[in-house]
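Each in structure tokens, the structures are laid out below.
Next, two complexes with subunit A in common: one pairs it with subunit B, the other with subunit C.
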Partner chain A sequence: MAERLKAVDVVTVGVGLTGAILGKELAATGLKVVGLERGPMRDTVPDFQSPAIHDELRYAVRKALTQDNVKEAMTFRNSTGQTALPMRRWQGFMPGNGLGGAAVHWNGLTWRFQPADFVYRTHLEGRYGKGFVDSDLTIQDWGVTYAELEPHYDRFEYLCGTSGKAGNIKGVVQAGGNPFEGPRSREYPTRPMKEPYYGALFRKGAESLGYHPFPSPASTLSEPYTNPEGLSLHQCVFCGFCERFACEHFAKASPQTVILPVALKNPDYELRTGCQVLRVNLDSTGKKSTGVTYVDAAGREYEQPAELVLITAYSLNNVRMLLNSRIGKPYDPVTGEGVVGRNYAFQTMSYASVFYDQDVVINPFMASGASGTVIDDFAGDNFDHKGLGFIGGAYISATMTGGRPIEFHPTPPGTPSWGLGWKQAVARHYNHTVVLTCHGSSHPMRGNCLDLDPTYKDAWGQPLLRVTFDFPQNDVRMSRYVTDKAVGIGRAMGGKIVAGAPRERPYDSTIYQTTHNTGGAIMGNDPTTSAVNRYLQSWDVPNVFVVGASAYPHNASYNPTGTVGALTYWALDAIKNRYLKAPGALVPR
Partner chain B sequence: MSRLSRRDVVTATGAAAAAALAIAPPEAAAQQAPPAAQPTVYLFFNTDEVAFIEAALSRLIPADDQWPGALEAGVANFIDKELNGAWGAGERLYRSGPWQPGTPSQGYQLPFTPAELFRTALAAITKELARAGTPFAKMSGEQQDAYLRSLEAGAADLGGVPSDVFFAHLWDAPVEGFFSDPVYGGNRDMMAWKMIGFPGAYASYYEVVDQHGMKLDRAPTSLAEDSHGHVHVQPVIPAGQR
Partner chain C sequence: MKLGPWIGAAVAMFGLAAQAQDNLKRGADIAANGAGDNVPACSGCHAQNGIAGGSGAFPRLAGQSAWYMARQFADYASGARNSALMGPIAKALSAADGAAVAAYYASAKGPFVFNNRADATLIERGRQLARVGDQAKQLAACNNCHGPGGIGGFPAIPFLAGQYADYIALQLQMWKSGSRKDGADSMADIAKRLSDQDMAAVAAYYQQLREAPTQAAK
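Up next, the complex of A and B:
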């Protein structure tokens, strides 16, 4: 029997990026907030310190900071006709676990989506006419606009201290920035990071082709910075142990560096780690949540009553929490009806490797997870798609992120896969290769979805999440087109050999691409095609908000967390200024 | 035993290097002379398995006239300690059934832990090759390569382990052992890092990141190094259990 605890005002399910922001802000209004985090307590000191943190095997390969899938895995299949099987190891993506969530071991690439992304179907049909978009793509408008989100993007970037160069301030294009971006209200909080050699080579090549390179937007900081919370970050030293690692230097924005210390000082905020939330509880009407049930690290079960439940458990876990709690109608990929699990999308990644002679010394290990140079010319709808046969695109970048050799040892095509030829090629090319990334959009299609697995269970006996995903043909065509552009840049960079590898079907869950899983509890203005309204409030249970990239109707050409941060502050604004004054549905059904 | 003689060579090389450095000032010698290689004490592998693993390593990542291979870098020791620890026991491996074969895009679907997988497959290989007459370690280099290629192609069933699945594990392990920090018992003297020019756990490049094309000439750093530059190898540190 679960022990019933004293009621509180707010519970967050998970204390990663979104949970930390919302927990801190709502406690600051005087509400009693409890943050329930399944993983351990951890902080920059003493847990992330060198030299132990500079351990590629432990963190990057064995994935020590990732969700423990001995206890909690997910199942996967490419299409609804197959039997899903457990992803027995994290290979394709690596959700976080522990205080701070995946925002501890992220890269720090901090992007905004394009204004067109938020009105995606309207925009594309307006520009190219109806019938241009493949009929299997279930794209739709988001119910919120870029203009509405801009102040919240700005707030998130100033929270993180993001380093970069604005390309458009209030409609005026700025030299040196991204000329394609939506207007921002002001400059980035910190200047761009220094440009590593791979970035400089890329810049030159891209410029020679008439493209528009600019410094990659990075929440690994170029200079010391104190954020509006009063927390100070240091200058990044380009240590090369960034993504998949926690930052030892207080130089990467993470919940621990930019917000949690403020929350933890507030007596109205209580953090409980080692607490696995099993479900969000509903009253007999099924339309009101009464709180959550969780199990602590010692296996004791508790019921935590709360007035307001914020599901902030990472996109995939958010969707599973809704399904296990029976909130919202599950999506059926056959009829296309239902909403929870709908429009699951990912990211369409591809690469071009640029191999140089030995006199070009790249030093790929001098890097942060986000340092480098980018072009936005082929992202989203920044280029004319007429006659191309696809929608969407990718940013192309030289952002090498660390050159750690278990994971990074590029060899040109034709190299034997082991033996002397392999070894000598690795020795020859390791320090003389630049790898370009094409970071591509991912469109939802009818068969791609999330639901509960009928067979496999977690350590608490609850069904695992079942992921059904393959790349839509649209995205494969996009990947071929953009990868070709990256190969062109590689040639202009003076590479002796340039090898492009566009993304092809089937999606392979054993190959890491990103941890940018989106959708499944998407936002919108129509409750028959969205699980949450434009404020990320559940249509079905108004005292539940579902915050994270689970809200994205599609995934754009960019890393998702800038938009996660913006949506978190957008939802916070609605909770603080409207919901708390009159609890109930913010948008009538 | 062949492995003892190989190790003697490594030790002798270390001693020769130390002798050559004796003319250098003592602090420099302390920094540069690699500690003499310890003979591997195998905790997981039995003698048949050792013979196979050592021979396979010298084909998978062979020594050449410039750089040592996986065997000389202590990778057999690395694999032995990994399989004997948490990794071998299936840390971060979802282990509930039912067990069914999947598609390649669904990844590993066998009930074996890494330790069980190596043990099972190696026993099957030893038995098969004993029947055929020549143990793997006694084959010529070309024969060994051909045999490894046949495993890689997935032709055989090794006691329930498809040989391509075994080969994938047999290949991942030396890449990890060759390039991981020497604290795990491979990458001895950071040889693999020196080969490619990776500075290891050393990690502060703010001042030099914009000196484009610079050649970094410092020796790599291990996370287990003391102030004299000696690397303290911890024989049994499972990756997930520090």
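Up next, the complex of A and C:
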């Protein structure tokens, strides 16, 4: 029998990026907040210090910072006709675990989505007419606009100290920035990072083709910065260990560096690590949450009553928490009805490898996860899709993230995949290759969804999340088109061999793309097609908010973290200024 | 097999090696005798074997990164690094001579001598800062950049292990006060987080790291 604890005002299920921001802010209003984190406590000092943190085998190959899939896996299948099997190692993506969540091991790429993304269906039908979008794509408007989110994007970037160059300030296009971006209210908080050599080669190549290169927006900082919380970040030293690692230098924005220390100083905020939340509890009506039930590190079960429950876990786990708690109607891919598990999307990544002669020395290890140069010419709806046969797009970038020795082995087509020939090719090409990334949008389709696995359970006896996913044909066509453009840039960069690898079906969960899993608890204005309203509040249980990339109706051409940050502050604003004054549904059903 | 290109390459490599030897000789010569009226012998302060006097007034150069030392010459010459002593010398030194001196001292093998050791508590605090950092001050471990055991992150980042404590502490004070501005931007920010005691601690820790065991046992 669970021991019942003293009631508090707010519980956050997970203390990663969203849980840390919401926990800190709500505790600052005087509410009693408890942050429940299933993973361990950890901090820059002593946990992330080198040389141990640069252990590529431990962190990058064996993924030490991710969810423990011995205790809690997910199952996967490509289509609803297949039987899903558990993923016993993370290969396709890396859900975070532990204090700070996935925002500890991210690369720091901090993008905004396009204004068109938030009114996606309306925008596309307006520009291209009805019937232009493949009928199996379940895209929809988000229920929030770019203009509404702009102050929250701004606040998040200033929290992180993001380094970059604005391309559009209040409608005025700025030289050197991204001319396609939505208007910003002001410049980035810190200057762009220094351009690596691979970025400079890309810039020249892209400019020669008439494209618009600009520095990648990076929360791995170009210069020392003190954020509005009073916390200071140091300058990035381009060590090449961001993605899959934690930063030892206080140079990458993470909950530990930008906000948690403030929360932890507030006696109204209590962090409990090693606490696995089993479910969000509901009262007899099923329309009000009474708190959560969790198991602590010693295996004891507790009931933590709370007035307000914020589900702030990794996006996939947000969806699982709703399903295991029976909040919202589960999505049925056959009928297309139901909302929880709907519109699961990912990212459509592809690459073009640009191989040079040995006199061109790239030094790919001198990098941060976010340093480099980008074009936005082929992202989202920045180009005319008429006659192309697809929607969406990809940014193309030279952002090499570190060239670490175990996993970075560029070889040209025709190279043997093992043995002496392979080794010789790796030695020949390692330092003379630029890999261009096409970071593509991912559209939801009817059959792609999240639900509870009927067979497999976790260490606490709860059903695992089942992921059903394959690339929509639309996204495959997009990937071919944009990868061709990247190959063209590679040629203009002077590569001797340029090898494009567009994304093809079927999606393979053993091949890493990104950790940009989105959707499943999507936001919107219609309770029959969205799990949460425009403020990320559950339509069914108004004292539950579900915050994270789980709210995205589709995934845009960009890394999702910037928009996660913006939506978190957007939800915070609604909770603080509206919900707390009059608890209840912020949007009538 | 045609031997022509191989012989050519061998001759070129020999040529390069001979050039490097000449360079080292030139560096050693300047270290011992100076170069013209405005460049006194480096050995006067830094000793011919690069271990300086041991007082800590002058840094140890033996085994330091050549690239880093050449960069210091450039910074002294431009005034980016401010020193009434080194500024005029660096200005008078040609870039080629500067590179030669740097190469010479990088290759110098002066011993690590025993110095008066600070008390164990201070060294332990320094060890903590150097190897682990300080969360409360948002300070990363010095070794993150200066290499495991403070052996340096060559070519750009100098070694600290075996450097004189007084010299390290003085540089940190200068970064903190703003009188040293060259090098990584992050050093000023880091130095501002260090108390006088912290500076003395890291300096004392690094100084004793490479002492010869027989000397340390005395």
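Just so it is clear, the second predicted complex is superposed on the first by the 589 of 589 C-alpha atoms of A that agree within 3 Å, B and C clash if a C-alpha of one lies under 4 Å from a C-alpha of the other, contacts with A are read in each partner's own complex, and residues count from 1 in each chain.
Throughout what follows, a contact is a pair of C-beta atoms (placed from the backbone, for glycine too) under 8 Å apart; a residue touches a chain by one contact, two chains touch by 3 or more.
Note that the coordinates shown come from a computational prediction; the quantities given were computed from them, not determined experimentally.
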Touched partner set for A:Gln235, first subunit B, second subunit C, both or neither: both
First (subunit B), second (subunit C), both or neither touched by A:Ala200: first
Partner chain in contact with A:Gly126 - subunit B first, subunit C second, else both or neither: neither
First (subunit B), second (subunit C), both or neither touched by A:Leu57: first
Partner chain in contact with A:Pro224 - subunit B first, subunit C second, else both or neither: second
Of subunit B and subunit C, the chain that contacts the larger number of subunit A residues: B
First (subunit B), second (subunit C), both or neither touched by A:Phe250: second
Which of subunit B and subunit C A:Val45 touches, first, second, both or neither: second
Common ground on subunit A, meaning residues reached by subunit C in one complex and by subunit B in the other: 50-51, 235, 237, 239
For the subunit A and subunit B complex, residues of the former touching the latter: 50-52, 54-58, 61-64, 66, 68-70, 73, 76-78, 82-91, 194-197, 200, 235-241, 360-361, 363, 365-366, 371, 403-406, 409, 417-420, 422-424, 426-427, 430-431, 455-457, 506-510
Subunit A partner contacts - residues on subunit C that touch it in the complex: 131-135, 138-141, 143-145, 148, 184-186, 188-190
Subunit A contact footprint on subunit B (complex, rising order): 59-62, 64, 66-67, 69, 87, 90-96, 98, 100, 102-109, 145, 148, 171, 175-176, 179-181, 183-184, 192-193, 195-201, 203-206, 208-210, 212-216, 221, 223-225, 239-240, 242
Of subunit A, residues touching subunit C in the complex: 43-46, 49-51, 223-224, 231-232, 234-235, 237, 239, 248-250, 257
